[in-house]
Every structure is written in structure tokens, then in C-alpha cells.
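Look for subunit A in each of the two complexes below; its partner is subunit B in the first and subunit C in the second.
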Partner chain A sequence: MPTPPTLDHPTFAIVRAEFGDARLRGTEFRGQSTLIVEPGDLHRVMRFLRDDERCAYDFLSDVIGIDYLGYPAPTPGRFAVVYNLCSYPRDDRFFVKVFLDPSLPTDGVEEDPALYLDSVTDIWPGAEWPEREVFDMFGIRFRNHPDLRRILTWKDYPAHPLRKDYPLRGRGERERYRVVDRTDA
Partner chain B sequence: MGIEQALPAQGFLATTLQRFINFSRRSALWPMPFATACCGIELMATASSRYDLARFGMERMSFSPRQADLLIVAGRVGIKMMPVLQRIYQQMTEPRWVISMGACASTGGVFDTYATVQGVDQFIPVDVYVPGCPPRPEMLLEGIRAIRRHIDEEGLPPKGGTRVPLQIAIEPTHEVSPQPAVGLTVGAT
Partner chain C sequence: MPYTLTPPDPFDIDAESTEYLEGRVDTGDRWVLNFGPQHPATHTTLRLVLELDGERVARCTPHIGYLHSGFEKLGEHLDYNQYVTIVSRMNYLSPIANDICWHHAVETVFDVEITPRCKAVRTIMAELARIQDHLLCVGAAALDLGAITGFLYAFNPREKIYDICDLISGQRFHPDWTRVGGAMMDLPDEDLFTRMVTDFIREDLPRALKDLESLVLRNKIFYDRTVGVGAISREDAVAWSLSGPVARASGVRRDLRKDEPYLCYADNWDGQGAEAVSFKVPIAEAGDVYARFQVRLEEIRQSVSIIEQLIDRIPSGPMNAFTDSKVTRPPKSEVYSSIEGLIQHFELIMTNRGWEAPVAEGYGANETANGELGYYVVADGSPRAWRVKTRPPSFINYQTISTMLEGHMLPDVVAVLGSLNIVAAELDR
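So, the complex of A and B:
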């Protein structure tokens, strides 16, 4: 029997008072609190979390993508992007999560208009590479990103490999090299 | 393979010259370290003073493939790294040999995923496989010595005309030679 989350992190109350019109949800696991926002509210909530001095999350540790395909419990969406925030002045950590649902089949690399988020690179410049990684691995694109290219695989890689419907062993990408023999020089 | 083609195969000059050339080749095998993962650490340990690769004429790790004779692939090779490895192999001049060091370079190891090449021998010729995760320096030295033994016996021109991958697999040797005692105290005294 899982214990219900205790939403006692002070940031929850501050954000709820500030964004009374937004649909906000919260969850907590082992003392780590996560705020779940709608994709449209993400950017202004993030700006508030950095600029308000009661929050002062001045450091973005990481941006992570998650694919919930086949997850045992129901989730609000297929994909999630998690922002791992850290406040150095207040020595605090907080997570912000956004759920997205694809509108196209996810086995290719087509640009899916439903898999778009506002980039937070204008708030934390350090978001640039993690967002590129989320784009590379999950195909979630970021609006207003200064340089949204793949970062780990190459430009024409035929998939977003951390999507759960991409086979673990790939679709033959690791086999497609020409064979060099001793006469090659 | 230059001079080898210019000489008759069995004359006195050729056999003496062959012994001399083989001696020179095996005594100054310059390795090109292609260390992409944890096996590279063991390769560095092999090169450092306790195991002392320099005993075998490998005084200098050749970071330029054009001056290297022995490519040591030490570590995982990712799908983006494979073309780089092939390019480095192509840049090496004959005679050249390749050691595949560790489970990952030889088979992909535990990394059976889309991103790891499952054995570099699929795409470049490999002469010696050194098993282990990582192989101990003794094992790597055994692999290098296998290549040295081969060079000593190699024909000039090579038997059969062309060189082929040697496909030598080193047997695991887990008997650790006695380690010198070091006067180290750990923690407060």
C-alpha cells in the first residue's frame, strides 16, 4: 500500500498562489517533490521559479526525457520531460515535470507538432545541451532553442533511440559499416 | 611492403635480411592506443613502470597512426566511433597488426545495445584477441608477445603472399606473478 505523497514542499504553495489559473499537480517520493505543469505553462512557471526570491532556483541540474510506454501504472501522457532544479542560495532541490502525448506514430523521426515544448535556454543557458539530448533521444523538440541539433547520434540517425518502441539492439545501425581489410590503406 | 617484393624469396641475402628485418620490427613495435573505455586504464597500467611495456621496444605510444605498427583497440567502440577506428586503421602503414583488448572490443561485452559495435573484428582485421574485463597487464603483454613471436617467424614476403588476420586468442592466465611489496600505510597510524 503506497503512502500518499505529502505535498509539504514550500514551493508548492508559492507556485499555486502565483499561478491560480494554471493546472498544477504535485507529487512527492522519498522527500523529493515534483510539480507537474501543462506544456503551455512551462515557460512562465520556470521563469518564476528562478526569479522569485522565495524560490530562487538559480541552477538547472539536468533535463531528462522519459518514455512511459508500457509503464505498469497509468500516466498522464506517453512522454515526460523532467527539469531538475537546484537552488544554491536556499540549498534546495525541486523537480518540474511536463507530460506530452505524440500525435504521430513514434517509430520514425518525423517532426511531431504535439511533441514540442518551450525551451528554457533563455532562463538557464545551461539547458542547451540537455535539451539537445532530449531531442536526440526522444524526438521532443524545443521552441526557441538556439541550436537544436542531435548531440549524441548523428544528423541522419533513423530513430530516436531511447523511445521504448525502438528495439534495444537497434535496427541494424551497429552492423552497417563497410569491411576494411588489410589491403585498404 | 616495398623491399620484400624486390628480393628473391630464399637467397642468403634475403634470409639474413629477413631475420634482421623481423628482429627490427618486433623490437620496435610502436602501439597506437585506441583506448575508448575502462580497458584503456589497464593499457596505461601496462605502459607504466610496474609492467613496463618499454621492455618490448614500446617506449613510445604512437599517437599518430602513420608511425604506429600495432593498433590496440582497448574498450567499447560505439557506432559513431567505428568509422574513426577504420580511418585510423587505414592510416597505419604496413606491416600493421591489431590487438583487440577486452571483452568489449572483441564482442561488445555486456553492452548488447544499438550503440555498441559487437566486435571490431567484423569491420577491421584483428590479429590477437586478449580476453578479460579488463585483461590484466600480464594478459595484454602475452598478446603482444604472441605478435612478436609471429613476426619472428613471418616469411618475407609473407607466406602465401598476402597477410591475413592471425586470429590468435590468448588463453586466460590468472596466475598473478608475485607483486613487489610496497611500503604503504593506509589510514591513520
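So, the complex of A and C:
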């Protein structure tokens, strides 16, 4: 049985004191601390993390989507989005994580009202393309995103390919893709 | 026939949904130019839809994904050693830097401390990769702006780096050299390795750098075409998540080698109190295309000084960490001559065995030539990662191109593209 993580990163205490009403959890692994917030609290926590000078996370390094379908350890939700934050003034790295559960079957591309998060592009404009990638790969949409389109696959791609229920070799998109020949080009 | 002005649905772009240029005066003379996906100045395959006002870029919509080949999906199906062959193909200008970064992230999650010898050789190779990348970037920038000589002078010395990769791994282009806890093998001939590296950094490279600087940076035409072009302020660079030489050219003081030190950039890297390698992080203030190339050339010099500090004192000892543990592959001599070595080899090679990874996730990042390259590894206890997310510096840097190009002339597009050093294989993965 692994020892429970020690949550001694100073940001935990600051965020707890500021958001007493929010449901916050934390994890720590190999010196990397992750704050787990509820989807509804995400945007205000993120804004606080950038604006408060004790936190000052002014650099969003990356936005990471994860699908935990069938993961060996229990997780609070099927999908997770992890925000990788850096503070240049304090030279610190911190992770914020949100869990989401789908309300529709996940093998298609229907818009799922449960898979929505508030975009952080108004806090860090650099979140624009990473969030588009999360949308493209996992079908998690972002409210108030300036330009939420697919980025790596094409517009009509019939799936979100990094979901765990999408097979490695695809569902035959390459074989069945419409071919344009000279007669109708 | 010229392009139709304001066609109803030009090239089925969704440029209209982007609001990069709110408030810009529309003179009604706009036309749309499709740049790429196949174009010599895009280097690989990427597409820009440029909405032009005369010859001025009013709006630029990048479209990427032409080279998307599901690297991260593959990462969930290949084990921690196999996936190195895939990451190597991301930034193919400096493939070995990807290898080193990938296994740095895996070793962070596994909590493996690699040996001093491995750290020193990895640092040397990482710096050679930086030189390799910057040489091509600066040379190709000259090529894009119409000067082929600089490109040739920069390209020649890269061949020597390929020779060194060939020596240590048996492959020139994609070495796939690192393994969990070490490397695929020890240096086959340390004297030869040292001699090749020193010959390169003392003879070939200084000459090439001198030529390159006078051919490119001191070239009046190059100067006129790059100074003040594509400038981005320090605040914007941080807000837009820029990293690497592009950010440092805007005055961002950030280099992971200093700020989150790893390998020989950290103090006490050999466990006996060795000091971190000393080098300076070049910073420019202008933030324009010219400053980015200045920073890159200066970084090559700093890389040379790092290699000079290490090349004559590569520690002896094993290359792979903990040869009696279950993490690294034993040397071939042990596999063929002892039963323990054979067992351990098969424990890692057979598909139903392998590592006992923790059920946890972690992030490891290196400062590569283009900026912060990182891997977020979600491990599930099996020999294959559950999820591998790359933080590709090209991808993050490239999203600023629309803002950088606003209001610039059409020929500046090529200059800005070259200065960001976009590698489409890393962009699309």
C-alpha cells in the first residue's frame, strides 16, 4: 500500500483558504502537485491562480486530455483535463485537474452537454490550440473559446480518436473516405 | 487570371469564424491567398490561408494536421522503450533530443536515477542536437529569404553530428538511442566518440558559425527583411505560452536547463558534488525575427562551451542504471553469458512481462532547441503507458503566427515562419 501523498505545496493552502466553499482535492506524485477542482469552479480558480501574487501562475504550459475508461485505479470521472501551469516569478510548476463524466455514448461525435468546460483562453490566450486539440481528440468542448474547431483531424472526422473506445486502427475511415475523381472534381 | 476578390466561400475556409482582426479597417480590396500545404517555404506540410489587403496580410488562418498520424494513440500501444522510435520522429531536425526528453519523463515517473556517465553523454548529445537544430533553422531562414549559400554552409557541419549519432547508435537520422534508465548500449569506442565531438566543435563548427554569421546575420538584405518583423512583446510571449528561443528573443528569462535543472545542468549530477555545467542563457529584447536568429546563434556557442566542459571528463562506470534491478536492459554480454542476465532480458522483452510501472502520472520536460518539450505520462502499472501527452514546442509556438503576421507584408510570412522553426511532424504528431 503506497503512503498517502503529502500535500505540502503552498498553493494548496492558499487556494483552500480562498475557495472555502468549493470542493477541492489534491494529489502529489514525485514532487508534482495536482489540484483537483470541480468543473464549475475551474474558471474562477484558474483566474485566481494567475492573478493572485502568491500564486502568479502566468504561464500555461499545456492542456492535457485523458480518458480513464478501464483505468486500473478508481478515478472520480471518466475524462480528465489537466492544466499544466508555470509561475515564472516564483519558478514553480503546478497542475490543475478537472474530471468529467459523459452523459451520452462516447463512440460518436454528438455534442454532449456534460462534456463542457469553461475555456481559459481569456486568462491565457495560449490555451487556444491546446484546448482545440483536447476537443478534437476527446470531444470535450470549451465554452467561450474564440475558435473551437478541430485541429489535427478534419472537420467531418466521425470520432474523437484518443478516446479509449476508439480502436487503434480506426473504424475504417481511410478505406471508406470519399474519393474525388476527375468526373466530379 | 488573378484571384477573385472576396469570393463567397473561398477554398472552404472557416476564416470568418476567427476574430483575430477585430477592428481592422476593411478597405474592400481583400483577396485570399492559399499558402501551402505544399510550398518550399513551409518546409513540410502546413497551410496558411492568408486574407490579403493588397499585399498586406489582414488575416491569417493556419490549418494544420496534414501530417497527423496518431503518435499519441500509438504511445498507448507501445511499451516505454518501443515508443522512443516514435518520439524520435517528432522533431526530426534534432531527433535525439526527443529521445532524451521522452526517457527523462519516463524516468521521472519511474523514479529512476540514471548513472553519471549516462547523464554526461546524454547532455553532450542533447547539446549536439541543439546545435543541429539551430544550424538548420538559421540556414533555412537564409534559404527562405533567397540566399542559398548560408543554407549550404549550415548544412555541411550537421553531417558530422549525424556521423556521431551513427557511431553511438548505428543510425544516422533517427538514433532511438535512449532506453529506460540508460541507453541502448554503451559508447562503442569512447576515444573515437571524444575525438569526433572535439573535432566537430573545435574545427568544423567554428568555421561554419563564422561563415553563417557573416552570410546571414551581417547580410544587409537579411537584416532589412527581418528587423522589426513579427515582433512580439515579452508580456504577449508569456501569455501566448511561447517558449525557447522565440520567447527568449522577446526577453523572457526562462530556460528549463536553469529553472528546472536536469542531467548535467543540475548541481551534484555525478553524486560526488560535481558542479552544474556553466553556460549563459542568451536573451534579446527586440522580439523580432532577427533577434530570434541572434539568440539561436548565440545558443550554439553556449552549447559548444557546455560540450567543452564535459567531453574530456565523461565519467567511467556503467551506462545503464541499476543493472540488477528490473528497469534497465542488461548489457548483451551478460545476456549471452549469464542466466541472470538472460532472465532479466526476457523479463523486459517478452510481451506478457515488462515493467511494473506505478499507477500514477507525471510530467517531465527538457529545454530543446525549439523550447519546452515535455511528456505527460499516465502510467497504469503495465509496461505500456496509459496516455502520453506531448507538449510540442512547435505546436504551441505556432498558434501565435496569426497575431505575429497581422499587418505585415506577404514576403514577411516566410520570414516569420522560418523564425518560429516549425517542424510539422511535431506540430501534427
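Quick note on the criterion: the second predicted complex is superposed on the first by the 175 of 185 C-alpha atoms of A that agree within 3 Å, B and C clash if a C-alpha of one lies under 4 Å from a C-alpha of the other, contacts with A are read in each partner's own complex, and residues count from 1 in each chain.
Going forward, a residue touches a chain if its C-beta (ideal position, glycine included) is under 8 Å from a C-beta of that chain, and two chains touch if they have at least 3 such contacts.
What you are looking at is a predicted structure, and each value in this text was computed from that prediction instead of being measured.
Comparing subunit B with subunit C, more residues of subunit A are touched by C. In the superposition on chain A, contact is made by A:60 with subunit C only, not with subunit B. With both structures placed on the common chain, the touch criterion links A:161 to subunit B and to subunit C. Of the two partner chains placed by the overlay, only subunit B lies in contact with A:181; subunit C stays clear of it.
Of the two partner chains, subunit C is the only one touched by A:146; subunit B is not.
Touch criterion not met for A:77: it reaches neither subunit B nor subunit C.
Of the two partner chains, subunit B is the only one touched by A:173; subunit C is not.
When both complexes are aligned on chain A by C-alpha atoms, subunit A residues 153-154, 161, 168 touch subunit B in the first and subunit C in the second.
Residue ranges of subunit A in contact with subunit C, taken from their complex: 29-30, 32, 58-62, 64-68, 71-73, 82, 84, 88, 91, 93, 95, 124-130, 133, 137, 146-147, 149-154, 161-162, 168. Residue ranges on subunit B touching subunit A, taken from their complex, read 79-80, 82-83, 86, 89-90, 93-94, 96, 112-118, 122-125, 162-165.
Of all the residues in subunit A, the ones that touch subunit B in their complex are 153-154, 161, 166-171, 173-175, 177-185. Looking at the complex, you find that subunit C touches subunit A at residues 14, 17-19, 64-65, 68, 70, 72-74, 76-77, 108-109, 111, 238-243, 252-254, 259-260, 358-363, 365, 372, 374, 376, 378, 380-381, 386-387, 389, 391, 395-396, 398-400, 428-429.
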